[in-house]
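Notes for the one structure printed next.
Letters A, B, C and D mark the chains in the order given here, with residues in each chain numbered from 1 onward.
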Amino acid sequence: MRITPRPAVALLSLTLAAAALAGCSEEAAGDKTATDAGGCKPADVKLVGQVRNESNPYEASWLAGGDAFAKSVGLTQERLTYGGDSTKQQEQISQILAKGDKCLVLNVLPNGDSDTAPIVKGADKAGAYLVTQWNKPADLKPADYKTWVSHITYNGVESGQQIGDALATAIGGSGGIIALQGVLDTAAAKDRFAGLQASLKKNPGVTLLDQQAANFSRAEALTVTKTLLTKHGDKVKAIWAANDDMALGALEALQQAGLSGKVAVAGIDAVPDAVKAVNDGTMTATVSSDGTWQGGIGLAIGFCVATGKLKVADIAAANRAFFAKQFLVTKANAADFSQPKTTASDFECGNVFNRVAGPLT
Amino acid sequence: MFAALSPQFRSLGNAQNIMDAAAVLAVVTCGITFVLMMGSIDLSSAGVMGASALTVSLLVANNRNDNDLGLLGIAVAVLLGCAFGCLSGLALVLLKVPSFMATLGVSAIGLGVATLMFAGVQPNITDAMLKGWAIDRFLGLSYLTWIAVACILVGWLIQRYTRLGRYAYAIGGAEEVLALSGVKVKPYKVAVFALAGAFYGLGGVMVTSQLGAGLVQAGNGYDFSAITAAVVGGTLLTGGRGGVLHSAVGVLLVMVLTNGLVQVGVSPYWQGGVEGLIVVAAVAAAVIPQRRRNQVVK
Amino acid sequence: MSVAEMPALEVRGLVKHYPGVKALDGVDLVVRQHEVLGLAGENGAGKSTLLKALVGLVTPDAGEIYVRGEAVKLRSVVEAANHGIGMVFQEQSLVPNLTAAENILLGSEGASVRRGLYRWDVMRRLAQEQLDKIGSKIDPLARTDSLSFADRQMVEIAKVLRIEQRSQHPPVIILDEPTSVLESKEIDTLFAQIRRLREFASVVFVSHRLDEVLDVCDRVTVLRSGQSVGEVAAAGAVPRELHRMMIGSTGSDDHYHENAASVVGSEQPRLSVRGLSGKSFRGIDLDVAAGEIVSIVGVHGSGREDVCRALFGAEPATAGEIRMDGRKIDLRSTRAACAAGIGYVPAERKIEGMVGPMSVADNMTLTKQKARCAGPFVAPAKQASLVDRWIERLSIRTPTRDTAIQRLSGGNQQKVVLARWLVGGDIKLLLLDHPTRGLDIGARSEVYRLMRELAASGVATVLLADSLEEAIGMADRILVMNDGRVVTEVACPAGGKPSPLDLVKEMV
Amino acid sequence: MSTPVAVAEPAANPAGPRRAGRLTGFMPLIALVALVLALAIADSDFLTTRSLTAALRTAAPLIVLAAGATLVVLCGGIDLSIAALASLSTVLLALWLPDLGGLATPVVILAATAIGAVQGVAHVLLRIPSFIVTLGGMSILSAVALVVSGAGTVRVVDDTPVKWLELYVGGYVPMSAAVAIIVVAVIAVVLKVTPLQSWVSATGYSESAARLAGTPVDLVKIAAFCVSGACAGLAAVMLVSRQYSGGPTMADNLLLPAVAAIVVGGTAITGGHGSVWRSLAGALVVTLLRVGLPIVGVPSAYEQILYGVIIVVCVALTLDWSKVSIIK
């Protein structure tokens, strides 16, 4: 290697990279007429959906839901993913807010409870319409902010208990179970596990043999389950998983241990594979939170407020932070959940709060 | 020690479990060992495994498309890994980018390619043979474990009986001497990375077999785990020492440790910490006998 | 002229420019078949560039190379080998973690590797054949780093002889400074080898020790300033004659013998060592007075290097006591030694002596930071004047004080390394481990002069000399070490110098 | 001696290494400018003061992390524990803020320095390669952070003691970025005006030569780890002031970007050659890639691919390989 070719090659590749960059970027919102809060023209609204990554089915369906809604109002959704990296999420949010769009609508899945506060404060300062989902510290309330329209979550205690109960029934009310926990540092994981404990109290015949964190990951669930199966052997009658990915990992572990069908498994999220497994009878139950709906509804609420069809002041306090309806999926109703249950009418401004199951407590 | 603390740890079932759990790590470590022997480092396994996992799951019988290539699909996935390895190697020898960064970049590229193929819907494999690898057993161990054993054997043969393996070793010992002896080092470097990439590709296929689905995150954490296992086994990061068999021992040590911690019931919070401590202790114990006053430690 | 009488190798008008330097300026050279040709010249005379051109590591700007009468272009080591030219490099070029057999066959595996697969039995046999040629008893499957230095050199020669396989003619073997790190017994073995090689090869022998060159060679070609300035038949020639040709005037080769040793007149020794023991030495007693030069001699493995390093805190001592000017000191680290006024010039200059990519100024002030600082801060002006003063005082030839030290010639590098200990003005004891290794005569005599000056100014010196002659010439006293112990002490006053033979019989 | 300056290294490149060398010295800056231009072409909104200051503010913790770790790299080692240490520090800061108030910041930085020192001492005394020490340190510190925080985030209710980092200097420059640049400048100046510069380079280029020249190699290395630790602590303060909380995994994802920043800046990962200024430029490049690509609308799959490609290309451009003979 002489000295000349190397920088040349490198420069060439950089140019190519820059060209590719320019090529695959989408059209930026051009016209930026400043409008008063609540009075944006529909065409000026910029929709942003942010989730952890596109590489898991649940969040992919969320983004798909967002795209579908955006298309229904003639816009496109800007998809942001932060790879489960809290700092990256903040960086993206502050960068997108810094662009100064007046009609920005954000539908955000905060990485953890603690990530919500800076997002809310940033959006509030920039006047962007924000809907957050899942994670929020208890003392941070949308009602205290002007543009943080709503926070949507699901009652994790309830869902954790529902699948716990379903498992208890499946094993005839007595026997040992093992629990696969999610990322310990999230409210979802903690609430769901609290639900399991409540269920255990209700079903005294069921004993918790062991609990380990598998971080919502299918691969980790596989390894942990294998180890726990060896440790507890025949005593394991059921596996409680804090999400479906882990439940599916546990299913694989059971299959590899030759215990397929002999141990009951339940999860939460109702990803397509899990719904299919429930339908087949290999899984006992899951709980549907409907990611497609989540992806659309956040943008819909923000869009309605931004275009003035909904006034923040008019939204009932109970709808500023609420538990959305969730559905226990069992073999009996699994077939109904194999297709998304959302329709365009769900996202009309009058209907956006139709799935409120109760205020956030 | 774990055997004393937990009766289950001693059971035959647990020994099988450890061997089965070690299979993927063993294959990945096998690949990385060749790179470490050269004195380079390879952080690309996470991305390469993700890409090969997605590739194989889309090429064998699956729920996303009508492909049913079977073994051919597996071969393609392994070749893809090989190609990614090539890419790392080429960036190293042509652009002169240190392997640390070259492989980090390739890892990101691999994850990107995997995400592209994922396209929002998880591909589940229905291919009976590939699924069978994780489930069916031969002499008490799953096929995957036997595949890993075969990989270690092949790795050892490559290291001992091929020019590629011996040169990888020699490059770690004294790269400049090879050049002086008229050996063109660059092609061998690229080939070593490609070989390592093929092992990661196979690792991705094995993870897919275990999980029954192609996951972008199939290789999560294998990069540092494999380096840890290789180092615990006695391979030096500076190159020129160690080998596939050392690494296999390292893999077993690490897996016994991880498994033992769960069996003994150590809090999940502490498990990572205890592992870290033991890695440092293992290397310290290995280093102390050969301490010299003016030795260079980087 | 028949092929049999053609010169094995001929060079005509070879020119090579480096930026600012004309390394080769029309060199001519003839190597006849079955002869040992000596190549002499000072550092910088173009020897190493010429050698590199002969093995294809350097492409000359002009000039021709003929192999057995045929003009060739050598673009790589492989092409040179294909023409039957091979070189044993000064710094050994073996891969330490491979077997001797692999090293011997490296790059020309022949039948021992088929389609990338090793056949160890064939490899062993082929390597054994090579080793047999030079009568070496080394196990071909031994790991190279488990062999002794001399054995590794044998492996190296066996390796170079592999080029016979590539060209069907007797090979030309180039030996670049093969003796510089060998002890005298090993040198004898090597010379016997060279004489054997002559039977079936031509040899180019390069050494800075002129007596050796004359001893083993048939003819000597002398290089100066990138040109061939003369050719001498070795028989009957004397070193003084060669030296004159090398430097272009009648120099004196007695640069140390005639110098009176400094006067030692101190009641208390500057350095006093009692019962020092370590890994490879036991019960060393040693006194060095201010202004005295004490040389320690011994064969490879006598432990003298380790004693030297122990005195600098670079090697642990297990027992014993070290006093400087009567005060007991604890040498736990090199830093403690520096603080006590001890300086050390290591033998491996390029690895241990200097920091190659750093500037002359930085290298010179690395140890005695106080000399260039005002309070805790570096004072650029102070540093500049200090460094420039020493560059001038030691006549160090460097473009600027900010030039990277690796761009200087060996002698100038060594002077910078020496200056490092002098800039502080507080040096009391200098430990010199082969300070003239790899230096040419001109640079050597400057180092000798410097040592004398320092001694005269009261610095105590411990010298591990490059040769017995050097030890005898420079030292006031000589300690002979054998197997980790001091076996005898020989006074070495001016006018009453012992002969090398007296020392050798104690050493072995 | 007829030819005073002989080219000693066979590897030395005869064809004008000076001009190329000078060019590679500016390469990190050139890469940075090129990247900003590319992003501006892709999205015209990007080249606004607000966007750029936001990017600067975003980059601050990464700059600080990379600057500290650069010292370890210059000494020839590597510090893989910085991110885990920063995470632990966010937890400690969040836990201590209620009791210690304004004192918590210096106390946390001191604690991080001490942890850095422990790793440095382990590396130097036990003679374990820094890669291994800090790899182990990474796991151990993560575990401690999980245990101390109970595996949850620790909210900061009253963030006034760290609020100052959210201010803007002169209305434009974010305080955290200003602090980060001051840290870089202080490290650079301290190195420059004291013997430390030559000690650090000598240790990085050739440890054995440095030791035999009486350089306090061990102390220099331990000090480098201390600075690295202190910088991790400071980065943690910045993160807490931004996130209003501390979390046991908060900074973990900054490890590879920080190492990338160092190398993209052109510091040789083998030690000796490089500077903290280069890492500053590198950190900005990496931040722009992390944040800029998705913001201008690159889909996440392509974003990762581009990130990989651009990082590799930047390193190829910035590494002054005339200073590094063998690239592993």
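Just so we're on the same page, a contact is a pair of C-beta atoms (placed from the backbone, for glycine too) under 8 Å apart; a residue touches a chain by one contact, two chains touch by 3 or more.
Listed by chain with UniProt protein names: B = Sugar ABC transporter permease.
All values reported here derive from a predicted model rather than from experimental measurement.
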Both chain A and chain D are touched by which chains? B
Let me spell it out: compute each chain's centre from its C-alpha atoms, then which one is farthest from chain D's centre? C
Which of B-C and C-D has more C-beta pairs touching across its chains: C-D
Chain centre separation in whole Å, for chain D relative to chain C (CA means): 42
Taking each chain's centre as the mean of its CA atoms, chain B sits from chain D at a distance in Å of 28
Any idea how many Å lie between the Cα centroids of chain A and chain B? 32
Chain B: which residues touch two or more other chains? 95-96, 115, 176, 269, 294
Can you list the residues of chain A that touch 2 or more other chains? 6, 9-10, 53-54, 184
Would you please write down the residue numbers of chain D that are in contact with two or more other chains? 16, 146, 151, 208, 211-212, 300-302, 306, 309, 313, 316, 321
Where do chains touch, given as pairs? A-B, A-D, B-C, B-D, C-D
Going by the contact rule set out above, which residues of chain B touch chain D in the complex? 38-41, 43, 47, 91-92, 95-102, 104-113, 115-116, 175-176, 224, 227-228, 231, 237-239, 267, 269-277, 279-280, 283-284, 287-288, 291, 294-298
Where on chain B is chain A touching in the complex? 6, 8, 11, 13-14, 16-17, 20-21, 94-96, 114-115, 118, 120-122, 124, 134-135, 142, 207, 210-213, 215-218, 220, 259, 262-263, 268-269
Inside the complex, what are the residues of chain A that reach chain B? 1, 6, 9-10, 53-57, 60-61, 63-64, 184, 212-213, 217-219, 222-224, 226-231, 233, 248-249, 251-252, 255-256, 258, 271-273
Which residues, counting only chain D, touch chain C once they are in their complex? 1-10, 12, 14, 16, 192-195, 197-199, 201-202, 205-206, 208-216, 218, 272-273, 323
The answer for chain D against chain B in the complex is residues 76-77, 122-124, 126-133, 135-140, 142-144, 146-147, 151, 207-208, 211-212, 256, 259-260, 263-264, 269-271, 300-309, 311-313, 315-316, 319, 321, 326-328
